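Each of the next two complexes has subunit A plus one other chain: subunit B in the first, subunit C in the second.
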Partner chain A sequence: MDKYGIVFALLGAALAALGAGAGSAKGVGLAGEAGSGVVTEDPSKFGKVLILQLLPGTQGIYGLLIAFITLTNIGVLGGSSDFGIAKGLLYFAACLPMAIVGYISAVAQAKASVASMGILAKRPDQFGKSMIFPAMVETYAILALLISVLAILGVSGLSI
Partner chain B sequence: MAMLQMQRISIYALKKDRKAVLELLQRKGVLEVDNQIEEDQVFRKMDVSYARSSFERNINAAKDASEILGRYAPEKKSILSSFEGRKVVSAEEYGGFSEKLEDALRVANRIIACNKEIGEGKAEILKLEAQREMLKPWTDLDIPLDLQGTKYTRSLIGVLPREYSLEELHQELEEWMPLHIDVISASKEQTCVFILAPKEQWEPVYEKLRRMEFAFPSVSADKAPRLQLEELRDRIVSIREEIRILEEEIRNFAGKREELYFLQDYERMRSDKYQVLGQIAQSNNVFVITGYIPQQEVGDLRGELERKFMVAIEVEAPGEEEDVPVILKNNAFAGAVESVVDGFALPAKGEIDPTALMSGFYYVLFGIMLADAGYGIIMTLACAYILFKNRKTIETGTKKFLSMFLYCGISTTFWGIMFGGYFGDMFDVIATTWFGVTDVPLIPPLWFFPVDNPMRMLAFSMALGLIHIMTGYFVKVYQLCRQRDYVAVFYDAVSWILLVASGTIILLSMEMIQNILDVSLTIPGNINTIAGAIAILSSLVIILTNGRESKNPFKRFLKGTYALYGITGVLSDVLSYSRLLALGLASGIIGNVINKMASMPAKSYGVVGVIIFIVIMLLGHTLNIAINALGAYVHTNRLQYVEFFGKFYEGGGRSFAPFTMKTKYYKVKENVNNG
Partner chain C sequence: MAEQLYAYAVARIRSKELQLLGRSDVDQLLNCKSEKECLKLLAEKGWGKTGEESSEAMLKAEREKTWDLMKELVEDTSVFDMFLYTNDYHNLKAAVKQVYTDTKDMDIYITQGTIEIGMILDAVREHNFSALPEHMHSCAEEAYQVLLRTGDSQLCDVILDRAALEMMLVKCKESKVELLARYGELRVAAADINIAVRGNKTHKSKEFLERAMAGCSSLDKKKLSSAALESLEAIYQYLQFTDYSDAVEAIKESSSAFERWCDNRIMDLIRPQKSNPFTISPLAAYILARENEIKTVRILLSGKRNDIPDSAIRERMRDMYV
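Now for the complex of A and B:
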């Protein structure tokens, strides 16, 4: 039974990459659809539209990051993977904020991004403000990332 | 703080100098026209809509023509050319264009006409091709499709909707024999047949065939299909040739591209000039222009106008209630982030320009979020190169934007050295993979690795955030003092500063917080007590005063209490700076991930491994710079807009929009001898 620790840890890492990645994929896709509409009308806005489309893409990267730190800490990428089930479950729990908040915030941020593209289409001079609305949503992805990172780094230092 | 002082200026001049004066003003570009003289018996305004619509028509023609030209003869442009800025032409060159105007307009119209003809030709070809397709099954018929018959016979030329052989048709039509039946072509979909029947037999045969869903061909021709097909082909060839000639003609206009651009700019300027002309008040001999001008430009403009023309100029300070436009004025270091302030809102009346204060924080926050010396050096060098290469022609806006990233790059490099990021851990990975070095890191961070000590980094981020927020409150104090609202200084700013400061001391003295933040401070008990007292006092001030606009004491108390609840907002503002840690870690760790992936195949594949390593490195780090620089830019803006500006700045000023040359391709340089 003790060997199952790494199973849970890896499950957590996979979930972080999976949830955040799926959210970002969905979000970037959503924003891309709206963006193509704006660019059809005015191709010169491509650069700015691309920035707005990319905003919900960061969650996927945060997910990757959490997955990667977990993988290096639990010895899947070399090193020792000698820990019990409790520690594995702790890793699993540590990955959850990123997995869940990553998914939800990416989709929500994409919706804000899509709305911001409306600003870009109608009031291109207000681009600075249009960027802030999606960025507000991202705050919560960043907070989740922070907690996941701190938790993983903390768990790896525990001796249980 | 750093905004140009505006003056209201009125220029009175003679009507005969109208054109020259307006052109001079447009070239100078220092005056925003804001006419406040109403039309009356003496002063009238001119109707310029007809002239303007003709200019707009020319602008559109030139625009369409250059677009078409770009399609047939693409302009060679490098990626970096968008930084080059407009080309400079002398005032003479600009003046001389009026002779070339007709020619440029003719070129533009000819290009548009050619393009239209090409379009028509292409449509014609499609039509002819369709006809050819329909005729093709009839190729083997050597009589015209619309042949009616001979003296005693009548023909049936048409299509049956499936494949028939000659025998099948003979069987089907057996009872009306003799008939001449030819199958011209047969495929699964249709069979083309030619049937010749004696005139008296024609009716019943046609009936029979109709039941077999016979249809006459949808094309008709008075020539044998083969000849017809050849004729169609010839026509298509000749139309193609025409199109080729027209395209060639368009391509030959490539040398006139500059003229088309110039035409656009020239007519744009004329259109703008006429717009102003429509706004100014004119009597029989005199006209008046009024507007806003930055104070520092007044002397220069006045001198030039008075030397050249007979004018009277009045300058006065704008009135209290006027909506005076705003120009930000900062030195090169701070001015680079003006676009960020502009992106939020320009300062409203009574507010200060926050650019200078913000700039230092901006660079520092950006640097911490990216924090990689390698990325920082690349950013710095790239921006410096572009700025240097185009130093003569670059537009002010582009220049400021690039300088902003230049300073951000320098800051990124600095924080990269502090936190030990050099393309993630690239040097360590190279050293351990190929040179067997085990003693990593090669270059230890000047301060510490945030990955090894995240709590320390978190504490640092929040401390920085606290400084940033406190600066915001102090700016509010300064601003309220300038507005002479001393009551608000104490109630709305100083009380909050005291509350946040004393609250911070109390929090820091708690053992739990000290443990979390991994710091050990011993705050003497009496300081702690004083802090507590100040916190309670300032809270009371806030509760009692922050609802002071309500007369009802109960409502006032409730509003004040709600205002005090805003302290949670300050707390979340400070926590918001934890993104410095998160984004800094993100760019660093993703860099490490790229390095790790790149080095994985390295050992087992020898030289190929080195190549794979380099390819993954280049792609990966390019992507990482792009994504994380974007993230750092967006989140630095957010910290400035929400956390910092939220404390003191609302904005709402109007940007200075001078009467100037809003050209796209050229800028006219004021001739030195001329001025």
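Now for the complex of A and C:
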């Protein structure tokens, strides 16, 4: 039964990359659609549109980071992977904030980005303000990232 | 998800909204001395195709631009059929009358519709209404027979106008889009109120009123027609207890004031769509905003052409979307 520890830990790492990555892919795609609409009418707005489009892409990077830290700590990328099922489940739980919040925040941020593109289309001089709205959503992705990082590092130090 | 959200289409519409005429543009047009000057100003704003066409050609070109854009943005434009049914029924009306009077004037047709004009004309000529969409079969037959037997073109209009409104309302409700459902309801209610007021002034019978009015959920057809049979005051009293209480003042003013009230109410309905980044509603709002713009410009140009004082034209100006 002890050998299942690594299975749960790896599942957690995969979920973090999967959830946050899928959310970002969906979000960047949606923002890209709206961005194409704005650029079709005014190609000079490409640079600003690109920034708004990329905002929901950060969650995918956070997911990758969490997956990478987990893989390093559980010995998949080298080192020892000798731990029990309890520790494996703890790693799994540590990855969940990034997996779930990553997905939800990426999609929500994309919607805010699309709305901000409406501001950009009509009032390009208000670009700074338009960027704030989707950027606010980023806060929660960063909080989830922080908790996942702290939890993974904490779990790795536990002797169970 | 993205297909239903129309993110690309709405983003393009946001940019297109910048080109819509605002209140200041209308004021600028009002300050023009002649129709020609107005046309020149409109051409400078990108209206028309060549910039040298007549006013009707310019307005037609603008309407075509709107629908060409929609064809680009939406794969299946049948989602906007509710806006075109009135044109189809207008063309059917024109075809029935043309066949009855045996004339060949083709200027009476509206090109934007869901059915080709030739198809409608052939169906009427051959008395084969099965070639038309199902919703037109019975009303086309009825209108055709009425005109043929009685020569009453008003009754023919009434039958087809009601069918157009009913079909438009059905399509609006079927769309499951709240904005369209409310638009359909408003259009039918406004038409029913108009029928009641005109019916009262021309002393129409109860049968006529009920035959002319299309049913909608925000007005009680029976109560409205009974009020119309009684007096204008009775109509006002009935309307006070409906969603259209603010129409009373406009009706009292004049029929053109009531028409303006209807258009302004539609603008109030669609204005929140300016900040909606998703769904088909902002596209529908854009179509209606363009129609309102074209109607406003038509009134303005016709006023300038006929040397009507600016104050009189200004009274007829609609609220703009932007």
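Simple rule for what comes next: the second predicted complex is superposed on the first by the 160 of 160 C-alpha atoms of A that agree within 3 Å, B and C clash if a C-alpha of one lies under 4 Å from a C-alpha of the other, contacts with A are read in each partner's own complex, and residues count from 1 in each chain.
One rule holds for everything that comes next: contacts are C-beta pairs under 8 Å (C-beta built on N, C-alpha and C of every residue); 3 or more make two chains touch, one makes a residue touch a chain.
What you see is a predicted model, and the numbers here were worked out from it, not measured in a lab.
Visitor: Here subunit A is shared; do subunit B and subunit C fit on it together or clash?
Guide: fit
Visitor: Does subunit B (first) or subunit C (second) touch A:Met131, or do both, or does neither?
Guide: first
Visitor: With both complexes superposed on chain A, which partner does A:Phe68 reach: first (subunit B), second (subunit C), both or neither?
Guide: Touch status of A:Phe68: first partner only.
Visitor: Decide which partner touches more residues of subunit A, taking subunit B and subunit C as the two options.
Guide: Ranking subunit B and subunit C by residues of subunit A touched puts B first.
Visitor: Regarding the shared-chain residue A:Val7, is it in contact with subunit B (first), subunit C (second), both, or neither?
Guide: neither
Visitor: Quick one: classify A:Ser36 as touching subunit B (first), subunit C (second), both or neither.
Guide: Touch status of A:Ser36: second partner only.
Visitor: What is the contact status of A:Leu158 with respect to subunit B (first) and subunit C (second): first, second, both, or neither?
Guide: neither
Visitor: Examine A:Lys122 and indicate which partner it touches, taking first as subunit B and second as subunit C; both and neither are also allowed.
Guide: A:Lys122: touches subunit C, not subunit B.
Visitor: So in the superposed three-chain picture, is A:Thr139 touching just subunit B, just subunit C, both, or none of them (first/second/both/neither)?
Guide: Touch status of A:Thr139: first partner only.
Visitor: Rounded to the nearest Å, state the minimum C-alpha distance from subunit B to subunit C in the superposed three-chain model.
Guide: Distance of closest C-alpha approach: 9 Å.
Visitor: Common interface residues of subunit A with subunit B and subunit C?
Guide: none
Visitor: Which stretch or stretches of subunit B touch subunit A in the complex?
Guide: 339-340, 342-344, 451, 454-455, 458, 575-576, 578-579, 581-583, 585-586, 589-590, 592-593, 596, 627, 630-631, 634-635, 637-638, 641-642
Visitor: Can you list the residues on subunit A that touch subunit C in the complex?
Guide: The contact residues of subunit A facing subunit C are 26, 29-31, 33-38, 40-42, 111, 114-115, 117-118, 121-122.
Visitor: So in the complex, which bits of subunit C are touching subunit A?
Guide: Answer in residue numbers: 1-2, 5, 7-18, 275, 277-278.
Visitor: Within the complex, which stretch of subunit A touches subunit B?
Guide: 51, 54-55, 57-58, 61-62, 64-65, 68-69, 77, 127-129, 131-132, 135-136, 138-139, 142-143, 145-146, 149-150, 153
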